[in-house]
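What follows is a single structure, written as structure tokens, with notes after it.
Note that the chains are named A, B, C, D and E in the order they appear, and that numbering of residues resets to 1 at the start of each chain.
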Amino acid sequence: MSETRQTTDDGQTTDSELAGGASASPGTDQPLEVTSGETRERTREEWVEHEFEGDAKLSVSDLDVYYGDDHALNGVSMEIPENSVTALIGPSGCGKSTFLRCLNRMNDRIKAARIDGSVRLEGEEIYQEGINLVELRKRVGMVFQSPNPFPKSIADNISYGPRKHGDLDTGLLANLLGRSDDDAVDELVERSLRQAALWDEVQDRLDDNALGLSGGQQQRLCIARALATDPEVLLMDEPASALDPIATSKIEDLVHDLAEEYTVVIVTHNMQQAARISDQTAVFLTGGKLVEYGDTDQVFEDPQSQRVEDYISGKFG
Amino acid sequence: MSETRQTTDDGQTTDSELAGGASASPGTDQPLEVTSGETRERTREEWVEHEFEGDAKLSVSDLDVYYGDDHALNGVSMEIPENSVTALIGPSGCGKSTFLRCLNRMNDRIKAARIDGSVRLEGEEIYQEGINLVELRKRVGMVFQSPNPFPKSIADNISYGPRKHGDLDTGLLANLLGRSDDDAVDELVERSLRQAALWDEVQDRLDDNALGLSGGQQQRLCIARALATDPEVLLMDEPASALDPIATSKIEDLVHDLAEEYTVVIVTHNMQQAARISDQTAVFLTGGKLVEYGDTDQVFEDPQSQRVEDYISGKFG
Amino acid sequence: MNVLPNSDGAGLRAAARRGLRRGRDFVDETPPDALVTVTVAAVSLLAAFAGFLAVSSLTAIPFAVFLVATGYGWLRHQELTARVLTLTTTVSTILVLGLILVFIFAEAWPTVQYATVNVFGVPIPGLRLFIETRWSPVTPPIQYSLVPMIHGTVLVTIIATAVAAPLGVAAALFLSEIAPRTVRELVKPGVEILAGIPSIVYGFIGFTILSPWAADQFDIVGQGTYLFVGIVVGLMALPTVVSVAEDALNSVPESMKSGSLALGTTDWQTMTSITLPAAFSGVSAAVLLGVGRAIGETMAATVMLRGSPGLTKPLYNVFYGNATLTSLIAANYGDADGLQLSALFVAGVILFVTVLFLSIGSQYIEARMRRKLGGAE
Amino acid sequence: MAGATDTALVSEDTSETEAVAAGAVGLAAVLFALSLASVFELVTITDPVAGVPMVALLGGLLVVLGFAVVTFGVGSRLGYVATDPRPTAGLLASGTFGLIWFVVGGLVASQTLGLGTAGWVVASLVTGGAAFAVSALPREDIGSTLPAGALAVFAGVVFLTGVIGPSWLWDLGWEQQASFNAEFTIPVLTAFCSLLVGWAAAKAYGGFGARGRHIGAYVLVYLNAISIIALLFLLVAFTVLKGLPGLFKGLAFGAGAGPEVTLVGVTFSLPVSWPFVMNGVALLNDVNGVLPAIVGTIWLVVGAVLFAVPLGIGAAVFITEYADRGRFTQVVEIATNGLWSTPSIVFGLFGLTFLVPRLGNQKSLLAGMLTLGFMLLPLVVITSRESMLAVPDEYRDASAALGVTKWQTVRSIVLPAALPGIVTGIILGVGRIAGETAPILLTMSGGVAPPGSQTVDVLGGFQLQYAPPFVTNPELMQATSALPYQLYSLITAGVGQSSNIGAIDEFRWATALILLVVVLGFYAVGIATRYYFRSKLQHE
Amino acid sequence: SGQSNPEADAPATEEEETDAPETTTSTPEETTESSAPQMLTAEGSSTVYPIANKGSSYWNSNAPPSDGEYWGSTDEATVPGWDEIETDLRLADYFASLYGFEPTDTQANPPFATSIGLSHSGTGCKSVRDGLVDIGNSSGPITAELGISESKAEENYVDHVVGRDGQPVVVSKDIYDAGVTQLTGDEVKQIYQDEITNWSEVGGPDQEIYVVGRAEGSGTDTSFRLNMLGSADASMEGVDTRKGQNQQVATVVQQNSGAIAYMALAFTGPQVLPIGIEFEGTLYEPDKDAEHTIFDSDYPLNRDLHQYTTITEDTPSGTDMREAAFINMFLTTFGQKLFVEDNNYIPLPTKDIESQKSKLPSQA
């Protein structure tokens, strides 16, 4: 594994070259009638270049996704720095979720999806033969738009991942043989719930069914569940869209804190939220194109693209 | 729910008066105890008084709606002037749709709903024994949030209402008896579609299935369908929420035109939209309370309630 | 399928009051001639039904009146007539179940009474049907024991379930979770079509191919084994189990499966730990449905079994097959009369009640699971 | 904690050890296929295959396979093979192995060594306990390979040494005699062992752990799916093959080849003569057929549909559109579900006691129609209800908002939108009742092999009269034949010997085939309809 | 007679076990202006079935006399009993015309159609009692089948005997081949009473005996118990399986090894082989050339094959014209040869034919 990590630099350089090539001639397949109220404008290469210190945790180059004939992502290239929050914004249907799901290959679950291009996790290509999907998804965790706890107890929800990975053993047999990891489980559950700022609310009912929690609690439980497997990257697809303001602000705080240890990529449709919590922001616009990517402050205060400016100022979307 | 958050985004946008709200840091702290992010404040009576010339088309007084134990509307009173556009805005779940559905007793269709209070249509109480619901709904038409054309041809969709009311007779029997109203139907279809600004787009395919239309066209078809029964009042529940910007602006124009002949009451989550198209605006806040009602300009430029101001400037919702 | 609301007296009284009020409102609001029409239709239909029950040749007259009344109502008061007619059809559906209950119980009663045993002076009707083991409807001493048939039915059902349940659930897992889309799209309708193979065809193949083969392999005297009837019935129930269980597995929300996969679990772990438990109610309903089919399966058993009621020796000897409740009826209804025919109805009652309980049980499981899962359907 | 099981993100190309495991899986598959072939008597166990008697071959392969798997497990334990095993094979595997070895120990002790009850119980407990311990205590690589491999080796040795040889016979010694012979036992044991070892090898191939269990389970699930599909396919193919000769006997084309029919007053000859479906059984026929049964089946279905569909749809309309959700709808739901699972023979009994005495006191077509109608009713209610519930409430709201009454809404909006589902449900239900034998056995069965002249003519049978019951139809009041019943009587009664049918076996299979065609035809149409409507809906 | 009456609203007569059938004669036949007589229906004995059914198919085919094949011979001159017939009418036309029915002169369209149901004697007797069919076929006397007295039977039913059966005991081919070609009456009795359970006890191979019986209530069962076991209520503990019809028994014996069964002559065959039975020192053999055979009238299991009709208000003679026309066909030389003897049954002697014919109404 150490070898593969060393190749990161090479990977990066190639990526940026590729990215340049990709955005060189994007205007050709622009549809004639612009139905979504956007002005015609050609995306410039430099708009999507984002300089940062350190290595890229994830680097995406020339990613194209098709659902059948539908071109959902169109030549997207971007590099995501480590231990930071990257926000993806854009109007509905512009491919944010699609992009996110490409990063841990959850798009494999969609039969109609066809994916071209390359995504590297610490320099290692995840779209290659022989990739261990299970391992990949352990390292790149995901939280979905609507909370989806398992119909199990709260504690079981948290310990589910590690248990299935064999890190924890609490079965009947393990108990009989006296090698049960019950204490480790308890500890893990507490730590994960604390990280997800849920511990105080649920500590007395860890054995209750998770479906009995409120929406916001469920969503934080899902975050805790993802954290329990100790991923390096955390993908979040509109994690707060189904929540009330209080729950939302808790999640926002949480995301902020997580960025110290994890690489967080978050999709949101709420521009204020993006502005509040992210270090860098990527703006997708209709047609599955990444139009602008850069420091959050810069993107919101001084967008380079006119369309992005229109979008941010609420003229459409 | 997601819509309201977009509202927040929109709250920061082009309206020059709101610019202050937009540039203000969005992370304004809110008191923790108030779950919906509102400050405590008592609604004053004068905030909901709206003076206008002429008679009220609809007058609502002391309307309370309960869904089981859930108090969805709380003592709402307001008068709606004739031939104007009244916008209802407010955060998700505040009872806008409930209020609207009370105006043509569509709430009767919800088994759990219990309604107290009075609604008068041109002075006539609609919550009284012996009211003819069919007649009421003919006079108070309704357009729903998501377009819901019947799976029939475009022409049949339009003529459905009048035909069922017996105003038109085009059945086999009628044809045999030689008193078919085919011409009347054609005329009605054309007139309604023209009113809904859809005629030009669909005149060549009136016999096609309405489900083949685009979302925006479908929504205008639904408006045309409602107009075909020649109502006096038109209730619209977020008619543009499922539509793209172009379609939205068409609907907005249409609403504007309709107000010359009809009394339009429209629910929207898009404050800019409310500001653009309505003559007066009613703001509902959590708890099913009508907090402010008045001239649209006044409500948006100089709200009397602090909570309404917070809401409009995107601090919550 | 539904959540039983808690039934307390107050609720019932309130419901009754509501019903009364609604009834009064209805009478108040309805135009008198519509009311008359509906009343005439209802009364004449009732009369027709009574006539039919009483085997009267005059049945046709009230029925004609009913037709005329509804015809008039349809033209003049369609709204009301439609409502009343659909209510009538609903009542008839329930009535069919009621009539089945009443008639087969009534027919079964003479034998139940005949088989009364006094236990400590308390007469227990029908007990002798279950404590004797000899079925001898003609040769004295006449005994109508159903024990051999119940034994046969139980054996066949156990074997059939052992075949259909694990294989069916595994196949359903394959179809809904594992199979590539093209395979799934071909196989799923195929399996559904196979659910329609008439049982007499299975019986035919069992009778001509399987039974002789089994007699040969296990060196048994004569043909007809519970083992192979069970296997055939299991195969017959298999498509049903697969199809219903597949639907249940498929209805587990994708978000739940994705949630598990996104944590880095294998497909198999997701299936066993998330999908199957979440679909448990549907899958068990599928299995119960299969068990119901197995219990009620008639023709394969009739054709393949020996048809001579008796217990196998030893009791777990599945290489012999005598009769099941269903095959008893099918093989003997033609020859039977009097108490023997009535005894066949007792067999019918047992079948009916058992399967009805299974059906209600599976509905209950499903309702409970749905409640437990909350919104997760 | 994480990192404890960290594995490489990308696995290298297939390693040699993996190839060994894959080879073992393949060998197990070959062995399984061989044993199936001998169960179906394609080869007998004494036949030489490649110069070796089948028994020896099976035994030898089992030994090889067993050793291969055990070697792999041990190699993994000793670290020669890179795998990712769990600390234990798990309760399910251990329990299963314990149980298997419990049985093996018991059988060896009681049958081979001839020990008494106490003896075999002790032996069983010892072997079973040992297998459980070997499976549960060591790491997964040993725990899941050793007991399986040992079993295969044991079975192989038993076959090779002739302890279970071709002439082996185990009389169970039951009062009603039954015994296992070698021809059955050897292939079945081989199949079982190859499944077990194949599973262990597949686990080994996946390197044990989560991935190994995944692969092991998938091997079994795939095998199960393939077997089921193959079996059911064989079943149909077999019937078709056997039935075709009889079905098309005497088929002829050409102008005027077929019988004369009269349609709307015009009489003409059909251009095709298909004796099996155009004739009954009669002396003067060259080829006998089942026309009366086909027509009887069609009328049965028509009658049942005419009875059940209006009732069922009406009931569904009431409970979805009019009734409040409450006790009443619950009762209807329970009743319909209960009716749906009621055994068909019970419907037959009901028809026998309720309908037959009331309809002329004899078995009749009408009684059969109504009985099948009762069976169809719950399905119509259930499917109609489901498809009406699936009609979006928006339609109803939209219609109500236009000031349209409820019944008008139901008629113009709900029913048309629900129609595809209803139609599909009805067709599937018809498929089911068309193949039912038991109910018509009790309520309708007429002649067993009627001549073509006794084909029912329901339409021609109606007569009007001035006294009640005004309309009569003797044809409805008479028993006729139907395909399932005809097949039943052909099978069990051995009818034919005295019915001039001739090639009775051919005739029976042809009858089975045509029944299959009719019933599966209904199903195929029903399912195709559903797919058609579904794709159409999705498209829009 | 008790013909079926579709529109009749007769209630079930289940409770009237022994009474005369309450057949409904108030038929609306007058209102139905159907010119064709109703179909003749028969139901019952599987033993009589081959006779009745073969007769029925000949009848329904209504072949022309030129088609000698369907009169039972390739050439009309060799048709058995042709000299009695000598007609140029079709088959059913001829026999029906004897009782006043108009010939149709069309193939497959007799003056009235016939339909024969297959079950067993008990059912046949009950059906004719309840008026469900015109003719009840039975291989046992109706008195035994319905449990009624001789006089009651004579009061209500007319018994037409159309042939005789010498009930054979059969074994499966393997047993026959192993040398069991004859048994004594006692041995058979012991086998059926579970006292002999292995073929080795009667000189056969060491194999369990698969004892096949007929359904209780069938004529064959009744006669077997009566004539072989000595009483109609004799116990039959040894029976492994019971089948409803002779045809089923034949199939079972054919498909199984080690089987023994009792049945009717028409169902024996190369796989279902009748064996000789020794009663009190006399061996009755299946071979027709032997000194004593199972076709002899003194063979203890010899029995009459009946077709019962009912006496009603409409047909006080008990036999209406359709029934007479059909039954008469069997009581001719032609019928006895084709339908009785060709089915391996025993034809009636001439004097019995005469006495049977005398029960029929006079011919037109």
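What we mean here is this: contacts are C-beta pairs under 8 Å (C-beta built on N, C-alpha and C of every residue); 3 or more make two chains touch, one makes a residue touch a chain.
For clarity, every value in this text was computed on a predicted model and none was experimentally measured.
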{"item": "Shared interface partners, meaning chains that touch chain D and chain E", "value": "C"}
{"item": "Contact-graph distance - origin chain A, target chain E", "value": "2"}
{"item": "Dominant chain pairing [most C-beta pairs in contact]", "value": "C-D"}
{"item": "Most remote chain, CA-based centroid, reference being chain B", "value": "E"}
{"item": "Separation of mean Cα positions, chain D and chain A [Å, integer]", "value": "46"}
{"item": "Chain A-chain B separation of Cα centroids, rounded to whole Å", "value": "37"}
{"item": "Intercentroid distance (Cα basis), chain C paired with chain B, Å", "value": "50"}
{"item": "Contacts with two or more other chains, residues of chain D listed in rising order", "value": "177, 210-211, 357, 405, 408, 469, 492"}
{"item": "Multi-partner residues of chain A (each touching 2 or more other chains)", "value": "134-136, 138-139, 164-165, 229"}
{"item": "Two or more partner chains touched - positions in chain E", "value": "9, 11, 208, 244"}
{"item": "For the chain D and chain C complex, residues of the former touching the latter", "value": "169, 174-181, 183-184, 210-211, 213-214, 217-218, 220-222, 224-225, 228-229, 231-232, 235-236, 238-239, 310-315, 317-319, 321-323, 326-327, 329-350, 352-354, 357-358, 374, 377-378, 381, 405-408, 410-411, 428, 431-432, 434-438, 441-442, 468-470, 484, 487-488, 491-492, 508, 512, 515-516, 519-520, 522-524, 527-528, 531"}
{"item": "Chain C residues within the chain A interface of the complex", "value": "181, 253-266, 269, 273-274, 277-278, 372-376"}
{"item": "Interfacial residue positions of chain A with respect to chain C in the complex", "value": "104, 106, 109, 111, 134-139, 141-142, 144, 146, 148-152, 160-161, 164-165, 209, 211-212, 222, 225-226, 229"}
{"item": "Parts of chain D lying in touch with chain A, wherever the complex brings them together", "value": "1-13, 86-88, 90-91, 94, 136-137, 209-211"}
{"item": "Residue numbers on chain C that touch chain E, as the complex places them", "value": "55-57, 137-140, 211-212, 215, 221-224, 306-308, 322, 331-332, 334-335, 337-338"}
